[in-house]
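Letters A, B and C name the chains as they come in the text, with residue numbers starting at 1 for each one.
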């Protein structure tokens, strides 16, 4: 360790710092047991679900496409989407988002990472991007896994759409993937909500539990015959906006609304979380 | 937390002032149910070995919610629809009844309420002798509420 | 101080309030380049708050900080380039190995930090255990890993908060040798400690804090000059006679303390006193150093005055402070 006695020279190491933090956070995430467990669940759960359906003659009729689970494999990813949207996806994303800031409080490592020439904004951006990457990756994983489970265990039969028309397999695949893609905005909105709770509460239980509770509560609220304007503003509504893809003609009004509402929640939560972290005095941990 | 409180507040305000009506109306339901039924009827008939086209059916739906005093709008499981169409030539109208559970997001599930030959059985025997799901027994559909 | 270089640390008028408590009140701290600067004070004196402000973790309510010539306003997070260390005990991710923790921090640092990992692990003697998860480390091992993590940054300014805490005597000796070597190679070190002996051994300058303020700031030489006579505990066969002898002996201040005597004296005078006791037929049964001169001064400087606090009275007699 030779010390350099040169006068200060501003380094540019901090440039691109968010990207460096992002890579570090991803490296940490993939080594966490809960992330590995979540990936395994996302991968296997659809197959277990289809196996369970295949041993009984009943169908989950209270969910869109539920009555077709024995007739077309393409119904499977859509039934999973119907189930997963309301609470499973908020829960899945908040496992990481709700913990990614408060874990530094739990381990007492804020001082460790904030004294390495990376600004708080860079740390925030890197961590937020890592949580979003996880959220998108897990959503894609469930989508592909449930599509694969349906096609492999049930088959590639045509699917009856929501206007009674028969959708051919190739078209179905595209529609299923598009439907899953449309839940990304609300998933990211819930990710941002988890980030905000994680920063604000400094407590992982609140950060992870909060979005799940809110997701469930809003799901109940959306069942009530509330005015359309209220329903429209709920962040969970966007999870069910994909059904317009399966009608003839298709409609995208709810999708557009969902994207706008999700974007508003996302921006408010991210900006709030960033401001809180910037202003915080790191006195302990 | 802040946004949650604000959203809750906005929700309460909107709900109490009653502004912003439901996107689920009788007309929208009528327009959604008729072609869906027609498409599924064509499908069912083709399973039974008959060729029908939706264009020739001129299907129309008349939906209503609850009793005569209930306004015909909003989600609920007390919607009923009567579908009318022309089967063989324009002179022979036929009707079918459905009970509908309409959800707040504009999706509904229709449960066949007669005639029994059309929508009374979950499974039907196809022209080739196979037992298949009857598409008209129960069906799902969605319409735009925005 | 070498005037050709700007100070490594130049903090002026730092104040930090936590709700109603004033943790640091108008503190200034100047550390010259290449110096080892000690920071002493009892718990709650404001040392830790001062260090967290220097490292940019806590925003001061008032005052300015210039580290290696840089301010946060001008340089942002780059203010900490060339600065390394830890405040309170160093903490790491328990589910990762020591080496993986260092690799992550090196990636955050960028540059050549990653190439220094093995060297840093060797310096703190953790190479063997680097593959084990930090969750299983002892306090001392985490302390050493903290120093290794600081060395990755090849610092020109090293800020260490109680670096020897949790270390066994051998580890403490190694740590002090390491600090001495780094200082010899030109690294500026700010060393917070509650151990006067450690500061005396390593530091050129010292700042002593009490209740959020500075009660002494200067070189170790100046501090030594201000130090009182050392205090000794003396057990004799005849305390009354020993007190009489003390009255006649030069440079001896003796008083009864429990069933022993507390004697303040320079070593030469103490030698004469012990000989005089022998001549007076008083046997010396035990003679221990109660506190070194600097310890005595430290206690005197940082002890609360009786009127300000209801804490137990000072163990050092009042004259020791003069």
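The rule is simple: contacts are C-beta pairs under 8 Å (C-beta built on N, C-alpha and C of every residue); 3 or more make two chains touch, one makes a residue touch a chain.
Since the model is a prediction, treat every value here as computed from it, not as a measurement.
Chain A has the C-alpha centroid lying closest to the overall centroid of all protein C-alpha atoms shown. With respect to subunit A, maximal separation of chain centres occurs for C (centres as means of Cα atoms).
Our note on geometry: subunit B versus subunit C, Cα centroid distance of 80 Å, whole angstroms.
Between the Cα centres of subunit A and subunit B there is a gap of 32 Å. Here the CA centre of subunit A is 49 Å from the CA centre of subunit C.
Those residues of subunit C lying in contact with subunit A across their complex are 5-6, 18, 33-34, 49, 52, 55-59, 68-70, 75-78, 80-88, 90-96, 100, 104-105, 107-111, 116, 119-120, 123, 149, 151, 153-156, 182, 185-187.
Residues 1-5, 7-8, 10-11, 13-14, 17, 20-21, 23-24, 27-28, 31-33, 107-120, 122, 279, 281-285 of subunit A are the ones that touch subunit C when the two sit in their complex. Subunit A meets subunit B in the complex at residues 61-62, 64-65, 67-68, 70-71, 160, 162-166, 196-197, 200, 214, 221-234, 237, 240-241, 243-244, 246-248, 251, 253-254, 257, 265, 268-269, 272. Subunit B contributes residues 1-4, 7, 10-11, 14-15, 18-23, 32, 35-40, 43, 74-76, 103-107, 109, 133, 135, 138-146 to its touches with subunit A in the complex.
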